[in-house]
Amino acid sequence: MSHQVPSIRMYVSVFLALLLFTATTVWVAGLDLGALNTPVALGIAITKGSLVILFFMGVRHNTPLTKTVAISGFLWLLILFSLGMNDYLTRGWLGIAGR
Amino acid sequence: MSSSLPLFPLSASTVSGEVDTLFFFILGVSAFFAILVSALMLYFTFKYRSKKAGDAGADIHGSLTLELIWTGIPFILAMVMFVWGAQLFFTMAKPPADAMDIFVVGKQWMWKVQHPEGVREINEMHVPINRPVRLTLGSEDVIHDFFIPAFRVKMDVVPGRLTTMWFTATTVGEYHIFCGQYCGTRHSGMIGTVVAMMPDDYEAWLAGGRTTGSAVQNGERLFTDLSCITCHKADSSGRGPTLGGVFGSTVQLNDGRRILADENYLRESIMTPQAKVVQGFQPIMPTFQGLVSEENLMQLIAYVKTLKPAETAPVPVKK
Amino acid sequence: MSNAAPTAKPHPKLQPHFHSMEQQLEASTLGMWVFLVTEVMFFGGMFMAYLVYRNMYPHAWVEASHELNWQLGGLNTMVLIMSSLTMALAVRAAMLGQKRGQLVNLSLTILLGCVFLVVKFFEYKAKFEHHLVPGPHFDPTLEQGMQIFFSLYFMLTGVHAAHMIIGIVMMTIILTMAARDSFNAEYYTPVEVAGLYWHFVDIVWIFLFPLLYLLGRHGA
Amino acid sequence: MNDATVHQEPSYLGAPYGLAAWLLTKDHKRIAILYLISITIFFAIGAGFAATIRAELVTPQGDLVTADLYNKLFTLHGVVMIFFFLIPSIPAVLGNFFIPIMIGAKDLAFPRINLLSWYIYVIGAVITLSVVISGGLDTGWTFYAPFSSISSNTDVTTAAVGVFITGFSSILTGFNFIVTVHRMRAPGMTWFRLPLFVWANYATSLIFILGTPVVAITVLLVAAERGLHLGIFDPRIGGDPVLFQHLFWFYSHPAVYIMILPGMGVISELVANVSRKQIFGYSFVAFSSIAIAIIGFLVWGHHMFVSSQSIYAGLVFSIITMLVAVPSAVKTFNWTATMYRGSITWDSPLFWVLGFMGLFLVGGLTGLFLGTMGLDVHLHDTYFVVAHFHYIMVGGGVTAFLGGLHFYWPKMTGRMYSEPLAKVSAMLVFFGFNLTFFPQFILGYMGMPRRYHAYPPEFQVLNVMSTGGAMVLGTGYFLILIYLLYSLFKGPKAPANPWGATGLEWQLQSPPITHNFHEIPVVTEEAYDYLHAPAPQLAIPASPREVTHE
């Protein structure tokens, strides 16, 4: 692992960015964007999460292995969500109850 | 079966033969591979038995060609099984349009069967042969599973929603009904009998049964008693939408979704009306959760399904 | 590396089955990352339930999120982000072998963690008072689906709070270790690893906040 | 003393001595032994439940035990066998013992966490089993809601908490293995020189860490639903019980590969050894483990074809189920090809290999019947499923475990057991097993539902056969227990490499010293280099075992 020590400035800028995004997400939540509200809120949350992972947790400078591990958790969540929702979103397509 | 040790289930529905054919196909493929691999291994075991302690085997590391062959062939066979099985599943899932209805409610630990004409039975189900029968299944407590081995059909009965299955009996006789899904103490006692009869006998049996009105009649009565009628009028003057022709139509919801109205949609509309609100209406319909039993629900639905769209297209009333 | 045995005199914190401090640190951080993957999946099960029911009861979800106090949620979001900053600074101080920096930042982290829990406590209390706790006392006039929302709300935030408590305990241990000069520029693995955990708990909240408190607020 | 044992240093077994030293040990080998003892106890408990189940099913009427008791029996049988026996069996015993040695490390990456995982396992198991006193558990090992959450009168909450806790033991083992394989390999031990056993356990660990948390939270939700009146799956407040099944099987299908992949790893070692030959298609066998682990996450819905999940979801799950069978096929064929032109030694490991192959094949192939949607409608929740999974889990998993145990026993304990008895018991288990579970396929196709305390009389003959088979099978297992225990005290001392096998583990003395290696080895050859392997010492007439038999 590289032993370079990140600067305080970097940490503080990330912190400020996170605060900014928090304010944004609160602000956006008050607007009616129709179907877009959820994607926008999630987009902001993902950005914030990525900032924390990349900078605070130092994945930016980490080995490819760590990066893979960090991503894999979210990938597997995606498996759970997509195959699971595949059931819920296609229920009733046939118009036969329970199929 | 004459034999005292039956090894194969009775086959008494239109699909059971098809299921058996698929079964024998996979059995054949499996037997082929099982025998092939076991025979090879045993043959090698004897043929290449070590002559002298410490002898090494031949210096073979692998073969790409072989790997491709034995990846490819199982893959193709597996896909054949998948397609065949999926087709059969669709056949077994989609009831024919002319199927007659029977309503089944499972509760710990019995099956309550209700014929559209109003005849009820418990742990017994009389059906005519050569006529498709569609079962609408509901549960009052936990998950059960309606299983008729001789017909090769089975469907979970899930609380909180309705499920469907269908079959056409082909042979007169009595067959087991089992509860397939574990449901508590007397799960193994939640069994019953299907009595498949000649259509005439069935009619006679129906006529002899005691009835308190047909399902639709009961549903209609409930529709009034529960004062559904106050909001859902035949014309569009009520506070709720007219229900004529709703079943089977595509409903536009107020959040933009479009839903195909099947039995589960009707059920949901009664039990959790606010989950899906019809476009142009307020979410004022009260929930009937806890007020109607699973059986009543089925009667209500049976009734709503009979409602035909108003003769002349109703002119939207502006208020 | 002739035989991979430690060359010069081994570092006192080097466990015998590792051959270098570097290997030890790498193993520990990789271990923490792998553990965090399990944590993602752990919360993932509940997020799956959230997804399913939100899709099933969109209206109830909007209604229910109005019952939550987004100001308090927002405050807590900021508290946690701040604590993440102090945590990151504590790790940095450890890397540089600065004892004071570690002590100050770790204490701040713990403090902010406690603030979070106190705020959470008041939020929970309000839910009890408003009969929004699932079960026999749940407000029966509320729409179907809302009870599920609150069940999930309590599970998600409760499990999250449990993680916070574990984190605070962990940080207290790290703090005492730091006070006893256990760490230096060569050996700060525990600080780094505990930091990863803390940031993770922060990330969970970053998702919980919009999903529970904010979505559907514009409908009000 | 004979010269084969003269240079023995104190092994990990002896030093330091005493119960406390064992219970506080950080040595992966001792922890493996702790696991071995515990899973043996749990197997005995589970087998006791099985024996009672089989005894009850001799007659169609439920006359031996009450319906409630029967339900508790099969539930605890399933729970104990799966969570407390089979899942930890190979990974936590053989994996714990041999993974560090095989890759040339002195221990796992986190020895203390390794010990912790054993304690968590024991605590979880004790809590779960405490329900025997506090009202039992009658939900089936699948804990299906809403039966488990609102209907069962038994102590589901405690059991759920116990399973939840045990989950962390799996997670910790998996994460320890992953880090160890990544970070602790000896110089020269590249990924493609790893023994296939390590690959298989690595793949297993992926499932441990990615799947187990989901089932942990799922049972916790059930516990919360019972204990705290929350409602997640409760249909009365609009919850969806099918969601429980999604979450449960998201873990529990991959979990079935937790139970077979390590076994496949063992068989890979054994096949190479009995054939005295490089494994055929090493990289295909290695990658098929990973493929099974990953694709295994995409098929869970095949347990739910008739659960009222959407038919389209069923289609996707069915086709991927068919896909996941292919890597298993690849493994099977590669093992067979390995034996081709080998130099087959007829020692006891061969018998386990053949037994495994025969039973796993039947089990795996019947999985294809179940994965086929139209057929699963009929077969679902019948004894066909029971037979399917016993063929794989007991015929495959347990046989592989026993094979591995026999293969590694000399290394782990330093003692040889009786070869003839081992062969007899392997055959006894094989025939007993088939007699027990083959009739269940027929029962299943005839429609006998599982979890039935009483059944229609036409099923009786086959059930009696099954029970008879279980007695043979049980005798086989019992015999193994006896002669293995006997060997501990009276068995001849084992040489370092009784089977003439390759691999770092066989270069150590039997049993190994606490730190495995004085100096970390440098690896220069690929795995299974049997061209240069020493001859089996078992077969040498002047084997030291006669002499050391004092």
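The letters A, B, C and D name the chains in turn, as written, and every chain counts its residues from 1.
In this text, contacts are C-beta pairs under 8 Å (C-beta built on N, C-alpha and C of every residue); 3 or more make two chains touch, one makes a residue touch a chain.
None of these values were measured; they are calculated from a predicted model.
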{"item": "Top-ranked pair of chains - ranking by C-beta pairs in contact", "value": "B-D"}
{"item": "Inter-chain centre distance, chain A versus chain D - centres from mean C-alpha coordinates, in Å", "value": "37"}
{"item": "Where chain A and chain C are represented by their mean Cα positions, the distance between them in whole Å", "value": "15"}
{"item": "Chain C residues counted as touching two or more neighbouring chains", "value": "26, 30, 34, 37-39, 41, 44-45, 48, 52, 56-57, 144-145"}
{"item": "Contacts with two or more other chains, residues of chain A listed in rising order", "value": "65, 72-73, 76, 80, 84, 88, 91-94, 98-99"}
{"item": "Multi-chain contact residues (two or more partners), chain D", "value": "182, 210, 214, 238-240, 242, 246, 250, 308, 311"}
{"item": "Chain-level touch network, classified as line, ring, star, complete or other", "value": "complete"}
{"item": "Touching residues (chain side chain D, partner chain C) in the complex", "value": "105-111, 171, 175-176, 178-180, 182-184, 186-187, 209-214, 216-218, 221, 224-225, 228-232, 237-240, 243, 246-247, 250, 515, 519-520, 522"}
{"item": "Touching residues (chain side chain A, partner chain C) in the complex", "value": "1, 3, 5-6, 8, 11-12, 14-15, 18-19, 22, 25-26, 29-33, 37-38, 41-42, 44-45, 48-49, 52-53, 55-57, 62, 65-66, 69-70, 72-74, 76-77, 80-81, 84-85, 88-89"}
{"item": "Residue ranges of chain C in contact with chain A within the complex", "value": "22, 25-26, 29-30, 33-34, 36-41, 44-45, 47-48, 51-52, 55-56, 70, 74, 77-78, 81-82, 84-85, 87-89, 92, 95-96, 195-196, 199-200, 202-203, 206-207, 209-211, 214-219"}
{"item": "Residues of chain B that touch chain A when the two form their complex", "value": "93-95, 136-137, 155-156, 158, 161-164, 248, 256, 259-265, 267"}
{"item": "Of all residues in chain A, those that touch chain B in their complex", "value": "35, 91-99"}
